[in-house]
Amino acid sequence: MSKFDNISPVDYRYFDEEVAKFLSDTAYTKYKLAVELALVKALAKRGICPPEALKDIEKACAEVTPEEACAEEEKTRHDIRALVNCIRAKVSDSAKPYVHMTATSYDIIDTANAARFRDVTREILVPALSDLEKTLIAIAEREAETVQVGRTHGQHAVPITFGYAIAGYVSRLGQSILALQDLAGQLKGKFSGAVGAYNASSLFFDDPEGFEKDVLAEMGLEPVESATQVTQPEPMARLMAEVTIAAGVMANLADDMRHLQRTEIGEIGEEFSATQVGSSTMPQKRNPINFENAKSLWKIIVPRIVTVFMDQISEHQRDLTNSASGRTYAETIAYTVSMAKRLTKTMQKISVDKAHLEANMALQKGMIAAEPLYILLASLGHPDAHEKVRTLTLETQKGGKSLEDVALADAELAPYLEKMADVQKNILKNPASYTGVAAEKAKKIAREWKKNLSL
Amino acid sequence: MSKFDNISPVDYRYFDEEVAKFLSDTAYTKYKLAVELALVKALAKRGICPPEALKDIEKACAEVTPEEACAEEEKTRHDIRALVNCIRAKVSDSAKPYVHMTATSYDIIDTANAARFRDVTREILVPALSDLEKTLIAIAEREAETVQVGRTHGQHAVPITFGYAIAGYVSRLGQSILALQDLAGQLKGKFSGAVGAYNASSLFFDDPEGFEKDVLAEMGLEPVESATQVTQPEPMARLMAEVTIAAGVMANLADDMRHLQRTEIGEIGEEFSATQVGSSTMPQKRNPINFENAKSLWKIIVPRIVTVFMDQISEHQRDLTNSASGRTYAETIAYTVSMAKRLTKTMQKISVDKAHLEANMALQKGMIAAEPLYILLASLGHPDAHEKVRTLTLETQKGGKSLEDVALADAELAPYLEKMADVQKNILKNPASYTGVAAEKAKKIAREWKKNLSL
Amino acid sequence: MSKFDNISPVDYRYFDEEVAKFLSDTAYTKYKLAVELALVKALAKRGICPPEALKDIEKACAEVTPEEACAEEEKTRHDIRALVNCIRAKVSDSAKPYVHMTATSYDIIDTANAARFRDVTREILVPALSDLEKTLIAIAEREAETVQVGRTHGQHAVPITFGYAIAGYVSRLGQSILALQDLAGQLKGKFSGAVGAYNASSLFFDDPEGFEKDVLAEMGLEPVESATQVTQPEPMARLMAEVTIAAGVMANLADDMRHLQRTEIGEIGEEFSATQVGSSTMPQKRNPINFENAKSLWKIIVPRIVTVFMDQISEHQRDLTNSASGRTYAETIAYTVSMAKRLTKTMQKISVDKAHLEANMALQKGMIAAEPLYILLASLGHPDAHEKVRTLTLETQKGGKSLEDVALADAELAPYLEKMADVQKNILKNPASYTGVAAEKAKKIAREWKKNLSL
Amino acid sequence: MSKFDNISPVDYRYFDEEVAKFLSDTAYTKYKLAVELALVKALAKRGICPPEALKDIEKACAEVTPEEACAEEEKTRHDIRALVNCIRAKVSDSAKPYVHMTATSYDIIDTANAARFRDVTREILVPALSDLEKTLIAIAEREAETVQVGRTHGQHAVPITFGYAIAGYVSRLGQSILALQDLAGQLKGKFSGAVGAYNASSLFFDDPEGFEKDVLAEMGLEPVESATQVTQPEPMARLMAEVTIAAGVMANLADDMRHLQRTEIGEIGEEFSATQVGSSTMPQKRNPINFENAKSLWKIIVPRIVTVFMDQISEHQRDLTNSASGRTYAETIAYTVSMAKRLTKTMQKISVDKAHLEANMALQKGMIAAEPLYILLASLGHPDAHEKVRTLTLETQKGGKSLEDVALADAELAPYLEKMADVQKNILKNPASYTGVAAEKAKKIAREWKKNLSL
């Protein structure tokens, strides 16, 4: 089978081996086997399962393959029973009773899921996002003083620095990384049996909840406070919501970057390899395909959170309607990792075009100083400063003069302009200096997040 | 590579070879090659491309593999340019100019997509749904007279027949099948170049729209009325919305069937194979896993329509943000086919438990006759029939007598009951006969849809 | 109560009286009363209800207010029973039996919903969209020859005309209008009683289906083929999906228009009233707020289709879980009408800035001719035209010369350039003439849709 | 205007005055005025604004009405400018300069939103959920020992207690309440001006970030770490996701409760008032309409989270496409409060039908003991216990004997049964005793959450 024979793009075009190590069906089987083994280890620690049986089972768990389990499932039509049969077939009769002892299928499945989603978050997703974070921090620092016109509604507003714009993403992404780390740790296992009341384990243990703790400790997990046949769906829903949020932050970054690459704006450039083709017919094209890809993946990711929230409902002690759907959560993680990795590579190589930044800043003949002019006039007692400046900008738009010149030529304004401090007047002359504390904040935020995430 | 190494369940657990024949990446490449070939055929018919060149290119198109194209894409970072390079590398220099002549990438991609989604709908999805429809028709006919208590709000209402309940799904699914057939035929191709204005083809043809028609005719497609670089997204959105609707009809059926299998209701049974296991710990369990699976797949399908609607937005003559996301539409089709096939197999073997149907009907001591009693009293001039009957049912609930007995013992009602026709009185005695025209309608609808769909 | 005391923006900021005439709760009550009356009219036509009783009931139906019905509902906790009680309280005892005779609540509710959604679609939504369509047609015609650089991936591609870009929306919106008209006509009524089997009406009529037809004919509706207590949800789902699609077309238009207004692009302008304020602090701002608003409304609309699809599932002969949710469909219609009306007003007054259009076209030193150059070279037998032109564009980007000059200076190209026809060579000199059939198609599409929609 | 003239059900049928106090447009205006005032107070504390001007502005802010602001907006087409004009019109000329000084619109709007969503969460939503929590705790304690058959896949599994089932919801809802409290506190204000870089405030203050802190402290808020024109969208997205999660927990509870009311199950009953009508035609109906309503509201709520996640994207220093959509978040809160209040009232009065609980437990002739039997046999060394018990249950299903009797009659099992402890054997005889630690856990969880939430 070639990967191109697959139907989901997550399995051909966006396939990622690192992610698959945790989230493929093969990996899932391994996690389920690890939980079956954790159970027997706990039994052994309590002196119930003899050491040879444990050894026997440990060996069997290392050998069972997804292919075997799948073949057995053809017969049993039950995935965990099939897995258990596969293990049992590989161990001595005396070891058999300890396999899956007191467990219900979802003790295995939900615990395996908690473990693999915790692991993939910690070992793949968070590192991938942290790489992007690190890249953004470096840009925020490097471009902290690079003046850029701020844009609201796609229109020139007042200036910022490019580093400050990036620092905003450092802050947002950083918080999401911290939240993901926290939420991965909130995933809980369960070992409370068919309806969550420890019915079966109570037959053998005085402290069935203690026994559950022992089993889960082998997986590095804590038990959920209360379960039905399945664990509470909310911790997973919270994790997936935060994954969606992280994807949203990246999509916003990607949108900004691709718009800054518009032919008419040209403030940043996506690196283009020597052999890369922009278009099959338009050889001059340099398309921001990596940023576009990020936005497209986001459109895949966002609606799928609804499936997760729908899965909160399971009737009584459970129905199975979250089974197929729960399998698709893995894809959302995979796409988010893909976004992060690709954006990191792309952001590492973006070029910042200072000439275009300056040319764009100059486009509006100093009108970006309208805000400080209005505010200063108002503070100096002008009775209707906003309206006054609004009419000055209309005049500027029509004529060939800059806002500064129009203002200086206005008799009514003269007494106010006289009262202004030099530093204030200077902003009219050089609106690009009107960047507030952008540069400092860019650096501060960069510093802060290097520390917060130990980057 | 084993299919278990995949991340998406559509590529392991729910993988379907029939669907993959149209919707895998390999299949997609074949469709794209078919469009490249269609172009050269049209060039040949117009005498532009010489016959030998056509032959040469035809051979090359049959040989290019997705693996080759993918390797070339590593270099070009452009999927269609890579494919074109692969074809060109296999043909003589004199044939090279005709490969991809005047075409832009999305002439190929969007036309290939229209063709493969049309084909998979007609050849796999509609037949799969029609198989289910046929199965439901057979049940509607077989159980047309099987009386069942109707349920609203999960409470017993008035009787229907089981066949009539199924006939409702025959009608709903049938309409969706017809709509899918229609919408598959509405998918359009395009061959109007980089921005949809036939810029390139106008260099060579007086009738570029005529040339577009020629190319698309090779694929059995008509041109879209107007395009940018890409075709209009709405015909695909309409098709995907209807796929979602078909899935919704099946999910509703599945929900009904699994509730009818509740231990306390037991009116139908899902066939259970001799070796099948219901639960890894509860050997008595007979779980409606096939119906639960259908519901779970539905939870995957529904939110994804949002991705499709998000893809309606593409800036100016197009941005690429619908590229990755557009690839996931194939999954929705695959899941819907999976639902249909599994439901067909399951419905073919459901057993209908007449004993339980009758026992359930008797549960409420004839109170399901409250409606006809109220209506007849009202029509006979009782001033407050609804309120009167409501109090009779409260009495019935408390005591041990049936509603008929309570009514007959009520002095106030005597004059009205006397006036009732025998057939009307009989309904009080035998509420199970109060099924209106359920049986006839079940048969009529079954007949109608056998005809409509030529089943 | 002031409208500002409301919580939903559809009831204060985006409140529209024309829509409310069909979709407010008051309007809903009127439609339900109209159905109750339609029933009695049908009874009268069959000679069952005497003329005086009909008159009596007609008068009562005209008098019942939502406030009365709501007060009665406090007691009955059942909305239709409350309405029926209100009617009955206003008529003579002899008329009482005919009120709601044989009907179940959802005979009234679903029929009322079909009627009001059909009416609002036909009388408000389609006209609002048609006004926008008309406006777009006028622009497509007026600007059919206005050359504009085509943009793919936000990068300059090859030229179109602005009228052609708008014609694309004419085509897409026109098709959605036709689909909405069709789907509004597909909404069906029902009068088949508590579980859809005509149980009650069979007590009185030999032809209960004929009686249903009579009642619905009074509302201008046809009966659904099969019902439970409720009508089939699919026709409404199809209508709502198409409403979402229409909103998507408008959102795409709005996105294009607001990006064309970016300070650096400036190809179109949104009209700004003399007293309008762009920003509370930046008096120079001219923000594309109407187009932004359209995009924002679209973000409200799209996800809500999921609620509609969720409502396809109703257990057995119905559960009530589509009741509250079904009430929110009205909002989606209202927001879509709001989008259409506001876009119409805004598009009617947009200004097209020819100077900016030309300046933008010139930005890339003729590189938009790279496509025709490559295609012509290829057709003239150049062995690697795409790659050759790609390197020429790299040279053009670096130096100060236009693509034409770079090409003319290239020795390797000389023999090919010589072979080109004058009209072909001219495109290198004047890339703005490379617009294919954009102008003609713009006019043709405009003509076509004026005819299709009789505008 | 009557509330019935509204289009959104949140403004007529589900209108809640307590919620409107925070989330109506009138309330929103009050919050915005409070922020404008907070700004002037901070100016006064720094000695910039004189006390009389503050007084003047305080009075004006108390007087401005939404109607006035709306009328002014007709002129300015800018909501905050309109509000500012309304304040300015009411104050002396000398106070005018301090109104809105250095602020940009979204300093006001985003800060007002943070404050009102924090307040409605703390003062209305969390208390409403806590009332439900308290009600559930009381049921968990009262019914801790009430044995109920556990159900998985709608099939009888092994026993729990009804109190334990409810305790599961106590645990899930409790965690969501804690999360909501936390997330409400995470909402941040901003006062950093038009592009978030403190451009304007830097003209007046050496410590513009300190000034921001001062202003926000008046509202009890902290500043966001980094902003554009708008605050970071993620804290609001996290809050809304958790609201959706809380709604999901309630919807699951509601689904369970309505299924337990099915005619055939009848384990709980929703209280029915003396005058309440179940159906307009079926007087005997007692429909679980409150639980159905909760499910229906959930279908409204869940998809709307997608709008919130879509609003994470705002181009550059902001676009306005989150403005209309952001207004709809209020509805989601309102619907969730409605769910909570209605469920509380309904759960307070549910009746638990012990007779039906016991009858249902007996339905399967002791087969719910299949699990313990299998597990005990396995632990006693039976080589294929699961398969053995599976065949016993098939026999039990066919015949008239209980599983216990079938097991006792089975020769192969005799040696194992002999080895069982009395307490183990007893479970075969009385499967209802097989409830594990359900009762204790129910009480423990109830205790825990009374403490956690100080209920």
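Letters are used for the chains, namely A, B, C and D, taken in the order the chains are written, and counting of residues starts over at 1 for each.
Here, a contact is a pair of C-beta atoms (placed from the backbone, for glycine too) under 8 Å apart; a residue touches a chain by one contact, two chains touch by 3 or more.
Nothing here was measured: the structure is a model prediction, and the numbers come from that model.
Of all chains in the assembly, those touching chain A and also chain D are B, C. Simply put, of B-D and B-C, more C-beta pairs touch at B-C. Chain B and chain D have centres, each the mean of its CA atoms, that are 33 Å apart.
Inter-chain centre distance (chain B to chain C, centres taken as mean C-alpha positions): 24 Å. Residue positions of chain D touching 2 or more other chains, listed in rising order: 81, 151-154, 157-158, 193-194, 200, 258-259, 277-282, 287, 289, 292, 302-303, 305-306, 310, 319-320, 371, 375, 386.
Per the touch definition, chain B reaches chain C in the complex via residues 81, 93, 96-97, 101-102, 150-154, 157-161, 164-165, 167-168, 170-172, 175-176, 179, 192-204, 208-209, 225-229, 232-234, 237-238, 241-242, 244-245, 248-249, 251-252, 255-256, 259, 302-303, 305-306, 309-310, 312-320, 371-372, 375-376, 378-379, 381, 383, 386, 424, 427, 434-438, 441, 445, 448. Residues 151-158, 258-259, 261-265, 277-289, 292, 303, 306, 360, 363-364, 367-368, 370-371, 374-375, 386-387, 389-390, 392-393, 396-397, 403 of chain C are the ones that touch chain A when the two sit in their complex. In the complex of the two chains, the chain D residues touching chain C come out as 1-15, 19-20, 23-26, 29, 66-67, 70, 75-78, 80-81, 84, 100, 103-105, 193-194, 200, 258, 273, 275-282, 287, 289, 292-293, 295-297, 299-300, 302-307, 310-311, 319-328, 330-331, 334.
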